[in-house]
Amino acid sequence: MISNGLDDDNFKKGILKNHTFILFIILACVMIIGSIFVPSLAQKGNLLNVLRLASIVGLAAIGATMVLLVGEIDLSIGSIMSLSLVTGGLMVGYGSLPALAVTCLTGIVLGIINGVLVTKLKINSLMVTLGTMSVFAGLANVVTRGQSIFLYDSPLYLSLGRGYIAGIPVPVIIFLFVGIVLSIMLRYTKTGKEIYFTGANKRAAWVSGINTDKIKLIAYSISGLTAALAGPLLSSQTNRITPIQGVGFELSAIAVAVLGGTSLIGGKGTVIGTILGALTFQLLLNVLTLSGVGTYMEQVLKGFLLIVIVVVYQVIDKPRR
Amino acid sequence: MASESSSINGGFIVPAKFIKNNMLIIILLLELIMGVILSPVFLGNTNVQSILINTAIFGLLAVGQSLVMLVKEIDLSVGAMMAFSPIAAIALAKKILSASGTEIIMGSNYVVDGLFIIVVLVLLVSALIGMLNGIIIVKAKVPSLIVTLGMLYVLSGMSYILSGGYSLYLTNLKGAKSLGSSIFAGIPVNFILFLAVGVLVILVLKYTKVGNRIYSTGGNEKAAIYSGINTDFWKVMAFGISGLSAGIAALIYSSRLQSVETIQGSGYELISIAIAVIGGITLEGGRGKISGAIIASAILCIMLNILSLVGLIAWYKTIIIGLIIIGAASQHAFSRKTS
Amino acid sequence: MRKVSKLLYVLLIVVMVFTVVGCGGDKEPAKTGDNQTNTEQPAATGNEKLDALYAEVAGLQGEDALKFFKGLKDKGLSDAEILQFFIDLPLSQANEQIAKLYKDEGFEMYSKSYPKGETYNDFQWSKGSGTKITGPYSKNDLKLPFTDYVALPEGPVGDANKNYKLGVVFHGFSHPWLINWADAAKWEADKHANVELNVQDAEFDNNKWASIMDSFIAQKVDGILVWPMVEAPTGPPVDRALEAGIPVVSVDRTSGSQAITSRITGNFPANGAQAGMYAIWKLAQEGDLNAKAVMLRKPLGSTADAVRTGHFLKVLSYFPGIEILKSYHDTDNREEAFTNAQSALQAYPEIDIFFGTGDHEALAALEATKMANRMDSRKDGKKIMFLSIDDSKEAITQVKDGLFEVNTPYTPLISDIGMRVLLNIVTDSAEMPQDVITPNIPMVTQEGDVIFGMQTQTPDQWYEYTFGPALK
Amino acid sequence: MQEPLLLLKNIHKQFPGVKALKGVNFSLEKGKIVSLVGTNGAGKSTLSNIIAGIYPPDAGEIFIEGRNVTISDPKIAEQLGVGIVHQEPTLVPNMTVVENIFLNKEITKNRIVLDLKKMKQESEKVLEFLGFQIDVDKKVEALTLVEKEIVEIAKAMLLKPRILILDEVTAPLNKDEVDHLFKIIKDLRNNGMGIIFIGHKLQEIIEISDSIMVFRDGKNVGELIPSENLSEKEVIALMLGSILNEDLVTGAKVPDSGQRQEVLKLAGLSKQKLFEDINFTLHKGEIVGFAGLKGSGITELFQSLQGIITFDSGEMYVKGKRVKFKHPKDGIEAGIGMVTNDRQREGLALTLDVKDNIAVSSLNYLRNKFRTLNTKLLKDNAGKYVQALSIKTPSINQFVQNLSGGNQQKIVIAKWLLRNLDIILVDEPTRGVDVKAKNEIYKLLINEKNNGKSLLVASPETRELLSICDRILIISGGKIISEVYRNTKEFNEEDILNTIHSSQRHCTTARAVFQG
């Protein structure tokens, strides 16, 4: 409701103005048209692949969504992913669980560092995270001396990226779990409402007794955590952790969040939207790869879609003044 | 931070103010001293020249970026533009000239002819794409971050498609070398070109209507509109100039390396933003001076140069750069609070 | 509203226009590529023995060609000559698809410009030779295979009381292969007390690369060792250094400078050719020369990709039964390669061969295939063939475990050769040729099979020389 | 007879959703001051914006001195001799006074280079004419509210317009400044300028205008000629039309001194440069008014009571317990909430819906046993207060940005009511609220008092305080200078204003110090 403010009275108009709905339509179209031209698209195996990849970028995107919702931005997602991966990687010797634990922990800590810088130093978040982005990236290399860490002997760790539970890839399960937990958090908890309010009007939120700093801190630590979670899913697919694993991930994450209808101004967007965004994003790339337009044309169309979709969103919810 | 402490105890207001206002210059001087101490060759001709050329490349990007940030937008596409504009220009020039029978590309990837038209096309293409960014942003009223991010993807993809991944040699292109490496009174012409552009922009902003247009557009758009200023137009202009300066930067880059490659300038967009921030341009729009950005670009390049002279591993460089960005940003945050 | 849509049209048009131009753009190199040389005639190698053989093989195809290849040993060719035969093997028109591909991508040009020839003083590499070290940067345990090549005794070089300042510029302290490259160079330099080294990482930014070169020139270093990422942009800086009288030596990839003092090249041609040899040999073993191959490739336009793929295709071009299903490019990124492999597996129900132009690509293909449960998906349950290049410990272990059919080594541990060559030059203690060829390394197969008469190595024989961190 | 300076014929303007103007006819003679009055959304500002060329009319004709003109953008309006001071601030904070005054009107030598010197002189001249000394090289962000307003006027006056539109210019000015401004305006009138004056303060309007044009939902419904015997009531009556205009409600009986329970006690509360040595006691079930000029420090006092800012020294007791709040939420937890005078900036999240805006401070009490929100409870409560305060909204899921000022204000109040605070601080309860909504809000406040709540109300409109407060504290220069009780003879507008102005020390800087 909050996200798209359907008025009970003009529900019809509402649904058409609903980002999630539009995204859903797009998704359906890509699916249908795609599977007409590229038969292999509809195969179970392929769809599972799409889901798996969507879950990875989607996880990071959920974190980005959180930060965007409170009216800030996080450019350090990629570097957080790399750094938390390698710090965790140092522990694989002691088994997968400690490694994963350390990874998540690092992610949260780094997120908190961002949050503290943004809230306490009151610096523009784009700047802060631009800075931490390169700091974390540098540290990631220092930690492993630029080396890769192999995961061949960590079956549990690997199963994160490759395993199935009841025929569903593990990443998808993790993704959906996180997604559901967070969207419940956003819709049905105090913190959730406060996140939206903070994003929509920070000053008002503060005056209304919301501890906006705390809220932002929460958003950033969630972003850190999700980035850290996405890491192992990615690296376990290819059996190894590298200190540059997350390079460029932040931009895709933000792109997906925006694709999902999250506004950069804050206070607008849903996790569901982001999930759909991730699916659309990945499905489209998959269609392009399968239809063989070539890596570089994919990139072009990716950017093109991004621009078009934000324009469309802007057009549909132009505020009536 | 000096400004901090002193503005609290009134005694040192004057020196504090002085430091605050000339922070960048002071840092620059400190760096120079540091450089001289740390490396005997720091002031050597070759070294100075390579610093100057880098400053020219990053400075140009930063100047463009600063203008965009002054109108309260941001441009992530400048990096990709540096690869795309020359590649597209050459592709177009090839099409155009082959019509008139002259082949400008030999041996599959040696550009041998058509320097002039290529240069013109580079400037044209970059300015146009920049303006296209602006037009989409103002007409559709969508956040520039996303539009230019999309453009970043589009352009870098296009660069590969257009060039087929080959990097092109300009070594056999008449005039390209002199464009790249001609030196006037010990100073690379490219740097002089950059200074000219920078000074021009500064003067235009200070002494013509344009300055007020830009600053008011970023500072309080509604006010600007109510005063009959076409803010959309000025935003488009800012993006156009940003694109154009990226184009010029691409020319300097390519003429220095006498080649055009698909990955040139990738990642420079973030550096240009960083420089603008260090130079005191804020994202709130309508604040900051171009001169700051220019000095900042020198600061950054000298810093990198010193670090490589003392032979520090790249890992630590990235960390240092990051810290500098955060430091600069927070410094401005504080000075804003105290003022 | 209408404005908005109009806008999108504009954008669309712009994109399309450039795309059109672009299609023109990327066909271009190909045309000139084959204008320059008519690939119909066998290329003259200067080696009569081989030229005669090429004349014979020119007409052959399929089974006949196979028979001819099998007969090479009996024609009295040594292992090295056999490999050389396949490296210089001219393209055949027998397989139109491959011949066309070869032309369209302008591979001819790449393989022509890639340095070939004899090793310095006809050095022959003998199994087991070399030196064990611990990488100064990576802390990996490594064994440099070629420490006897252009050998240089430990201790001070040249004028013992002169201090030689050398610069090293490369990319990628965050890249396993390249760190080991730096390791080998540093190790060699450290052996000599009066050599002082400044190693710089340009972080895959050629402008930074040039700046570092300039700062070396400014420091008036005695010599520079470089790893150029691509040719064109690295030419001018090298030339500037040469003008300043500083010798420059490149290792592995080549720079755009023609005048460069000396260049140590690896053996891209041997990589591609051996991968091709193995594929044919294996198919012959299986008794069916018809196969469908997918190529997972490094970025478009990189020498490594073009030369390896080119030589691979040349060997295959004699066999009409082989179909190249598709080429996927990635940006030297295993995740991308992985996604590409996944798509390939989806798009093509029948894949017999995965050819990766780098270890990322092959390893990604392997993982993707495992996940898709397609390992043994060929007809009558045969295992998909993985032809890998670059002998990381990771890749060689896959061969040992029988997951990769073959790995054709390409080691970063040749920069020590470069360092020695450079030292020889700066101390003018020996005359060095411009091209220092590194010995071809026989491919690694699980059982160390003999292929077309050429003895290959077992994983265990080569393992100690491999680069990168160990799996376990 | 000579052509009217400005003549509008049958002007129509429609915005998405609302018909702003439905056929307005209007004429302005040379040397006349015509006031536009009307409830919010009656179309006053829309009309002035059309004249100023901010947006074109959908239909209708505009004549200036008989010439039919189309004013497609502000520049053209300027050339036609229209100067306007907008309701909302139109200055660029980071630019100097000169730059702002000459924004888009720059004087240049040889067309390109700016003539800074000349512009400086010019702008100084204008300011002088307005009778103010302002350093024209100062950045606007460093000016006080008053100075800003003056610069706005100077900006409009610069090109010596023939038609001057003043939209809500007097809001930040104190009595003297207003008088001074009016003197100037009258001079201008006498020099033949035609002036359109828009405002909410009817006394002022009656005082200055030659005629009063009354607007009601998009039409001008009548013209009144001010005279001694024209009372505000008549104007209001015309403004509200059918809506019967009951007299301003008066605060119910003062609770008998017997069981008066102290809820808030301040002892020597001070904050540097803003207010000092504030002592008073607030009892259960009473409304205490704070009368004072802009910048007298009342707003900051209120803020410090909720913890939006912190006071420097002094003691504050809530229900006998000593407190000092560091964060607004501390105040709320102690039962104190402030309805700030800038609801858009400090009160509401415009892009969120009604129910969330009402519930935001009370979420702790709207949770079920799983510590998650009880949505039903939330909706019910929101609905309850929407009813109780008769907030006009299609549904509780409506975005707040689509509601009128009055209803938005009610939502801010509802937020505190739902939180069930004992003490509510209301700063300018009816700013930008039309007369009809005003009365409702007064009733609301009194009603709450009768339910045993205690309220502090600050307002620039003294009569507003008179109508609802049990007693009024008069603040000047951050000090309480006097206190008047209802049912005493000093409890009337005249005396109170006199007290204020007699004691008034200029301290307009107070607010400026506090911007941001």
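Every chain is named by a letter (A, B, C and D) in the order it is written, and numbering of its residues begins at 1.
Just so it is clear, a residue touches a chain if its C-beta (ideal position, glycine included) is under 8 Å from a C-beta of that chain, and two chains touch if they have at least 3 such contacts.
Predicted, not measured: the structure shown is a model, and the values here were computed from it.
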{"item": "Labels of chains that are neighbours to chain B and to chain C", "value": "A"}
{"item": "Farthest chain relative to chain A (centres taken as mean CA coordinates)", "value": "D"}
{"item": "Distance from the mean Cα position of chain D to that of chain C, given in whole angstrom", "value": "75"}
{"item": "Between chain A and chain C, centroid-to-centroid distance (C-alpha), Å", "value": "37"}
{"item": "Distance between the centres, which are taken as Cα means, of chain D and chain B, whole angstrom", "value": "45"}
{"item": "Chain B: positions in contact with at least two other chains", "value": "136, 140, 154, 158, 160-161, 314-315"}
{"item": "Touching two or more other chains - residues of chain A", "value": "141, 146, 294-297, 300, 304, 307, 311, 314-315"}
{"item": "Chain pairs in mutual contact under the definition given at the outset", "value": "A-B, A-C, A-D, B-C, B-D"}
{"item": "In the complex with chain D, residue positions of chain A that touch it", "value": "1-2, 5-9, 184, 187-190, 192-194, 196-197, 200-201, 203-211, 267-268, 319-321"}
{"item": "Of all residues in chain A, those that touch chain C in their complex", "value": "38, 40-41, 43, 45-46, 49, 53, 141, 145-150, 152-153, 162, 234, 237-240, 242-245, 285-286, 289-290, 292, 294-297, 300, 304, 307-308, 311, 314-315"}
{"item": "Residues of chain C touching chain B in the complex", "value": "3-4, 7, 10-11, 14-15, 18-19, 21-30, 32-33, 36, 106, 109, 173-174, 198-201, 203-208, 210-212, 214-215, 217-220, 230-237, 240, 244, 256, 299-302, 329"}
{"item": "Residue ranges of chain B touching chain C (in the complex, touch as defined)", "value": "39, 41, 44-47, 49-50, 53-54, 57, 87-88, 91-92, 94-95, 105-109, 129, 132, 135-136, 139-140, 154, 158, 160-169, 171, 177, 180-181, 253, 256-264, 267, 304-305, 308-309, 311, 313-315"}
{"item": "In the complex with chain B, residue positions of chain D that touch it", "value": "52-54, 73-75, 77-78, 86, 88-95, 99-100, 102-106, 108, 112-114, 155"}
